[in-house]
Structure formats: C-alpha cells, structure tokens
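Two complexes come next, and they have one chain in common, chain A, joined by chain B in the first and chain C in the second.
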Partner chain A sequence: MASPSLALISASTLISQGAEAHRFRKGYRHPTLDASLTRSRVAGEARALLRCLRSGVNVPGVRMVDASEGILGIEQVESDALEEYEIPVDVLMQLIGQEIAKMHLADVIHGDLTTSNMMLRHPSSFKSHHPTLRTELVLIDFGLSFYSSLIEDKAVDLYVLERAFSSTHPDSEPLFASILKAYGQGMGKDWAAIERRLDDVRLRGRKRSMVG
Partner chain B sequence: MPGRVRSDPLKNPERPYLAIGLEGSANKFGAGVIKHFVDGTTAVLSNIRHTYITPPGEGFQPRHTALHHREWALQIIQECLVKAGVSMHDLDCICYTKGPGMGAPLQSVALVARTLSLLYNKPLVGVNHCVGHIEMGREVTGAQNPVVLYVSGGNTQVIAYSRQCYRIFGEALDIAVGNCLDRFARVINLSNDPAPGYNIEQEAKKGKRLLPIPYVTKGMDVSFSGILTAVEALTTDKRFRPDGQPKNANDEDIITPADLCFSLQETVFAMLVEITERAMAHIGSKEVLIVGGVGANERLQEMMGVMAEERGGKVFAMDERFCIDNGIMIAQAGLLSFRMGFETPISKSTCTQRFRTDQVHVSWRA
Partner chain C sequence: MQSYQLPHLPPHLSSVHAALFKDVSDAAQLRQRLITASTAEGPDGTRARDALNFAFIEARLITSLQHLRTAIHQAVMADALGSLRTRTVHSEIIWSLNPTNNISEAMRRYGVSDTSTSLVVVRIDSPELSVTDIERDMDAAVNGTKVPFADLRDITDWTAVKKYHKLGNEVAIQQTKGDVDRERGVVDEIATSSVAMKMVMG
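Right, the complex of A and B next:
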C-alpha cells in the first residue's frame, strides 16, 4: 500500500518542475544511490529552511517532511512576472545581495544559487513592512544546501550565482557587482575574507590560462 | 533572451565549400573531409582515424603519442582524400586542432597542417577542440540550442550557448571523468583496446553490487580525483577478488572488478546527469547533447535519456564515429569560422595546451 504522503502527491497537480523538484527521486540513478541521496537531501532542505526561517531569511514555510519517501511539502509562494512589480533593476540586485547575506550570516549555504531559484512575493499575498517596497525576495530550492561557516563555501556559493548570471543574463558584470556590493554591506566584517576567496575560486577549473 | 530572435549571421554559401580537418590532441590521429553545399546542408565525405593503443596497465605518453601521429599522419590523410574523392587542390582551407590537448601530439599535427598549407597554398584555420565537438554534435543530431555535456579523457564540462560564446556552466575541478575511468581500467588491468572506457562499460554490465563511493558535486562543478582514490582503495579491500570468482562455496561477501566498474559508472554518471539537469532547469532548455569520448557510453546515454524524459525533453547522442575525437569535427568547426572570414596566418599557427571553450568567439551563431 502506498504511504499517505505518496497518496497526497499523486492526488496533487504539478505546479512546475525545477531541477530539484520537491519529489527528489531520480529515475536515472541507481535505486540505492538515489535513496541515500534523497534521504539526506530532503532532511537537509527541511533543516536549512527552518534555520533560515529562524534567522529571518525569506524562504517558503515548511508544511510537511517525509524524508524516507523523498517528499517535502512547502508553502506556495505567490508571484508574478518580474515586469509586474515595477522594481528598478538596481533595487532588485540589492534585494538579492541582502537576502544571500542574511542566509550566509545564518551559516546556510544554498548550493544552487541561480536566478531561477529566487521569487518575488506577490503584493496581494502578504503585508509588506517596508515603507516603499511592496514585495520581498524569496530564496527557494534548498535541495543542495548545507550548513557551513567556512568562507570557502560562501565564496563557492557566490561563484555559482556569478556563473549562472553570466550564462543567462546579458551584460551581467555590473549587475553582479551590485549584488556583491549589497552582499558585502550585509556581511559586514566577514566580507573582506570572502571577497578574497571569491577571487581565488574564480581561477579554478581546468585549462585556465596560466598567463597573468 | 526569450522573445527575441536574431537571424543567423552565417548565410548559405554562394558555392560549395570543402575543408579537411586534422585532429591529434590526444591518442587518436584523425582526418576528415567535409563539404558545405549552397543550400546550407553538409556532407561528411570521409572520416578516418587511427588510435594509439598502449598495453594494459599503461597510459599514453606525450612523446610516444606524438611519434604515433607522425608515423600515421600522411597515410591517414591520403586515405581520407581518396575516400572523399577530392585532391588537396580542391580544398578551401586546412583546419587543425589548436588546443586544448597534449603538447607534443598537438605540435606534430600543427606541423603537418602548416606544411600542407604551404605546399598547396591553402589557408589555415586553427580550431578549439571542444568547439569542434559541439559543432559536429549539433550538425549530426540537428539539436538547435542544447545544453551540452562534453565528457572525454581530458575534459568534463556542462556548456550552454549564450551571445556568441559557449559558456561553461559546470566543469571538473581536477581530473576529467574519462581520465578517472581510464586510470581505473589500468588499475584492474583492463585492455586499452579499443578504449579503456569501452571495456569498463562492458565489465560494468556484469556488476551487481553498488558499493558506496563518494558523490562529489561542488557548486555546479564536479570532482573525480577523490572518487578514483576511493575506488582504487577498494581493490585492496580483503573482500576484493581480482579474478571475480569466490574462493569457495562459502565465500559470498565479495567484491569483483565488475562490481567496482558498475559502482564507479553509476556514481560518476549520476553526478554528471545531475549537473546537466540543473543547467537545463536554469536555462529552460529541453534539449541535451552529449559529446566527447565518454559520450559514446550507452549507460550514460540511457541515464541522460531518463532524466530528459522526466523533464519532457530529449537527449541527443552520437555513436563512436563522431563522439570520439575525429578529424571531421575539426573540419566542421573550422569551416564555419572560415566562412565567417576567419583564418590563422602561418606566423600565428601555434597550438596550446590550455584553450578554454569559453575563449572562442562563436561568430557563426546568432
């Protein structure tokens, strides 16, 4: 007999499928490997979300966890197309930087920071405490997240975002620079060390030019 | 960018073009002749390759590999021209691998290309090896704008095209996945003929037991050197039976070479499929193209197929003729840039071991 969580899933409708959709099972993986990865990732995601919620990072609320079935029930974040919000790009970049800084201050490493894993909450779905801003930025998909206070892990987290940016957004450099500026302000005294490490991380990878 | 369609800068040629491609960045020497027709279609006239095969337990050294290429170059080029039914005088350009790859073999092939260029007074086109793989993959499979997984003995990259550049999304931080597989084949003394990776694949089919091996993804990147160490260490485990046979009727808890090949493949391929899936999810692409020598592995193709199906997408893969290093892919990528007006003058016809995929200006795509 199917477990209650599975029955619930099969009775639901699919909203959208990310790379780490909230059914974690992957058919391509060997069942043993899949089971162990699934268990650890569901538990890890739930743990990271709770830690973020406690530290005031904007993330979806956790509704149910069934690690052995690989199911995580979370709040549905109401959102709309970006154009509907009428937010200037620099404000948006600032929001991204601030939110990541809050998360890193809580020692949560996201592991898959891309713009696809960020949402803007719809003004109609909550009450904003901000005087002018009617929305808030929500970080989602913590399936690859983990807990770490190392500057190395924080720098790699930023680097993932930088590469995701440069591969999908034209002229990403000034945009990413403004994210880093807001992030740096948010991180305070920790920023200098992370900034240095980020420069090191950028030089990794095979067949980098050895000149300069 | 969604919603914006730019026209391809590459127009159909006003006359047919012919190019020869010479490849020798690793242990294969390949030559191939490609033809571009006025209607924009392409034909592979010939594609010939010779592989330098070392005895079991040994890898290929740069010096010996270069010697192999020097010994075979002229014969292979001759065969390739005869098969294509063209002469050197008919060609529009000579394309060669500029890099990345092993230094000495690259130099040998560049020297051959330079000599032919001067003898027949034909322009040279230096080609990035990785871009060659991608362009041939697009040509053979007809994939329009796929996420590319490039996996071979020297490279492991997840690539997406954006604004005239093949951008690297994720890559191996240390050794390439093919290198990991090849080196493990040497540890358990598998034959290098036709390829160590191929023999690992056959061996893995007999494996039954999945042993715990580290699963190493870091950001969008992957790492294989620790995995190689871990699986090598299992060959000194007291349960390991090099011949794959139990010692006696009670000898049940054993590890066979086949089990290790199976576990290694399952683990590293799952890592590769995972980072590819994340790139697809981020870009919103439903197509994935596998290129490079490891791309000929049917288990990897199968796993990628399952992932693509779960996402409602499609996987494009090729057989060994086009997956494994070959001359025709160099001809294809070289001719595309030649038609956009690119040439490599003799004085700059160098080669380089370090030449990243994202350093190439992809002038022929919108």
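Right, the complex of A and C next:
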C-alpha cells in the first residue's frame, strides 16, 4: 500500500521547497538498489542529527522517519529574518564558529556548510539559557554529512563555508576570520593542525590532488 | 483519557486513545493477566485478550507527551507499512520506546512490570469504536487513578531515562551544568528523537 507519510505530505501545506526536499525514485536504477540507497541516506541524516543532539550541537530534533520512502520528519524551527534579531555581527560569527566546533568535536562533518543551512531560533518559541542572547544558532540539512575524525575533512568543511561566504557576502574576510577565532577556541588543542590544513586546502582547492 | 485521529493512516490504525494512571496498585496481577490471556484458547481467550487490548507502558520512562506520541506514530507507521518487529501495534509502541533492538528487554523495561505504580495506557483502533466503551475497558483493566498528562512531570524518573539512553557522560548533558530544567529538556529531546529514528537505528 502507499506509505502513510506520503498521504501526510500530500495533505499538508508546503512552507518552502529545498533543493533536494524529496529524493525521487530513479527509473533507471534497480528498485532494490534504489530502496537501499534511499534507506541509507535517510538513516545517515537521522543518525548525524542524533549524534549532534547527544553532543550538544544545536540541530532540529527528529520527529519521524519513513525509511521506505526516504522521508525524515524534523522539528519545525521557528525563525525570522536576521535583521529582526538585532544581533551584532561579531556575535553572530561567534555563534557560527562555536556551533561548527561542537559538531567537529563530535566528529560530524556537515558536508554543505553555508549560511543557508543555519537558522536562528525565534525567541517566541524558545527558552534561552544564555545570559544575554535570546536566540540560538541551529545547523540544518545534514543530507551530505558523514562521520570523520580526519583533520582533512574538518578543514574542507570550513573551506566550503569560506567559499560560500566569499561568493555571497561582500568583504567576507573579517567575518570569516571571526568565525575561525571562535571555532579555534572551541576546538582547543585540535585547532592548530586544522588551521595548517585549511591553509593547504585553500592553495589546492577542495579536491585532493590525485597526482603523486 | 485523550483521543486523537491520524487521518493519514488506514482506518484501523487511525484512532488513538491514551490515558495516564498513577497509584496503580495491581501491576503484578495485570502483568499476570496479560501473560495468561496471550496463550488462552477458545472464546474465553479471545475475551481475555479483548479486555486487555491496550499498550500498558511504564509511565516513569515517558519524558513528555511528545515522546509518547512519537512512539505511537512510529508504531502505527510500522504496522501500516507491514514492518512490525513485534506481534501487535500495541507491543510495537513499547518496542519503539526502548533504545536497543532487544524485544524482551523492551518489554521488561518499558512494559508493565510487577513494581509499576504509574502506567500510560494506549489503544490504537478504528474510529468506529466508541470512545466511551474504550474508556470503560481501560478503567476496568487498570486499578489506579487517572490523571492528566501534565502530571507526568512528577512521574518521570529522569535518572532511569538517562541510564537507558546512556546519557551519563554525553556532552549535551554536561553542557547544562546542573540546570535541572535545561537538562530535562535535553534528555526529552534525545529520547524523542531516538524513538523517531528507531526504524533506521540499527
């Protein structure tokens, strides 16, 4: 029979459409292989979210999984336009750096770090435990995430964000520098090696050279 | 008792009824009746099973109504998709709540035990059944006081929940720095998310 989660979705109102909101069945792929890929993708994303939750990284809670259809239901994070929060930009950069550091300390690599994959919780639907901040930064979309303790993978994760910053924000260098400062403080002794590797990655680009 | 509908589910799984009982005095007998009913033959057996056609859940391990409802939803989904891991949708709720895949461990921890004093009782059925009849059967099955779900706050055993979810040394707990409210929020979120993703945990 048709999956109840598809019935739920078709009876619901679309809030916004992501680039890969639903992974359609590939007609050219063998059905068994397709089902197993669908399942492993949604499983990977759900596991990354749970690992983040257990490690104190701010991410949306998981609410339902339908592995057969590749559907992951998550908590709705109430949010608003950035200007509404009146957060100084350096505080915002600090929040980004801290959250990525917590995630990397848990050996979760996001795989697609951009400012579009970050949200600020709306104070009306969230009880802050911070002395001065009324919001918290939430990392979303773990569809490309994976586990790794490698310095290389953490450096590349940061590099992807740096590139996203430089292509969407004018004068992004000081902004990214303050993200890295907070990130470095969060990572502690691991930071020095990641910083060196990030310099290497910047020189050669995201893909590791296959030569030699 | 609270009742709600899941209109995206097939009719026989679309009606949910749940109640919280405290001061339960006959948990041991209830458990014995469940065991006897499960193997009894003939019309008497059918009657005994009908009278106990509920999920009897250890309430001290439920962290919030959302936690409970998430487990109920994953269980009805599994039934609708033909992928139940246990015999009934009611036992599947109990299985969904346990962080591991071990069925007997799930029943021992999250089902009714001889020492249970608070129980969440759940019935999944078709909307054709009368709410009054279901509530009457529920009251007949459990010897205790029915209280609103808000009373869970005095019933949840947070130490046991943390132990079963192995949260003792997790960073998320350490970060709360002893702020009890905040820690409970974190534990509830982890417990709820674990239930929601049980289907792909293994």
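FYI, the second predicted complex is superposed on the first by the 186 of 212 C-alpha atoms of A that agree within 3 Å, B and C clash if a C-alpha of one lies under 4 Å from a C-alpha of the other, contacts with A are read in each partner's own complex, and residues count from 1 in each chain.
In the analysis below, a residue touches a chain if its C-beta (ideal position, glycine included) is under 8 Å from a C-beta of that chain, and two chains touch if they have at least 3 such contacts.
Note that the coordinates shown come from a computational prediction; the quantities given were computed from them, not determined experimentally.
**Student:** For A:K102, using the defined touch cut-off, is the partner it touches chain B, chain C, both, or neither? Pick first, second, both or neither.
**Tutor:** Only chain C; A:K102 stays clear of chain B.
**Student:** Which holds for A:A193: it touches chain B only (first), chain C only (second), both, or neither?
**Tutor:** The answer is neither, since A:A193 touches no partner chain.
**Student:** Kindly classify A:R47 by the partners it touches after superposition: chain B alone (first), chain C alone (second), both, or neither?
**Tutor:** Touch status of A:R47: second partner only.
**Student:** Could you tell me if A:P4 is touching chain B, chain C, both of them or neither one (first, second, both, neither)?
**Tutor:** Only chain C is touched by A:P4; chain B is not.
**Student:** Pick one for A:R39: touches chain B only (first), chain C only (second), both, or neither.
**Tutor:** In the superposition, A:R39 touches chain C alone.
**Student:** Regarding the shared-chain residue A:P170, is it in contact with chain B (first), chain C (second), both, or neither?
**Tutor:** first
**Student:** Could you look at A:L133 and tell me whether it touches chain B, chain C, both or neither (first, second, both, neither)?
**Tutor:** Neither: A:L133 stays clear of chain B and chain C.
**Student:** Quick check: in the complex, which residue numbers of chain C touch chain A?
**Tutor:** 6-10, 70, 73-74, 76-77, 80-81, 83, 167, 170-172, 174-176, 179, 182, 185-186, 189-190, 192-194, 196-201
**Student:** In their complex, what parts of chain A are in touch with chain B?
**Tutor:** 17-20, 26-30, 32-33, 36-37, 111-112, 114-116, 144, 156-157, 159-160, 163-164, 166-168, 170, 204-210
**Student:** Can you name the residues of chain B that touch chain A in the complex?
**Tutor:** Touch residues, chain B against chain A: 1, 100, 155-156, 160, 162-163, 167-174, 176, 210, 212, 215, 217-221, 266-267, 270, 273-274, 277-278, 280-284, 302-304, 306-307, 309-311, 353-356, 359.
**Student:** Considering the complex alone, what residue numbers of chain A touch chain C?
**Tutor:** Chain A residues touching chain C: 1, 3-5, 7-8, 11, 39, 42-43, 46-47, 49-50, 53-56, 61-68, 73, 102, 105-106, 127, 129.
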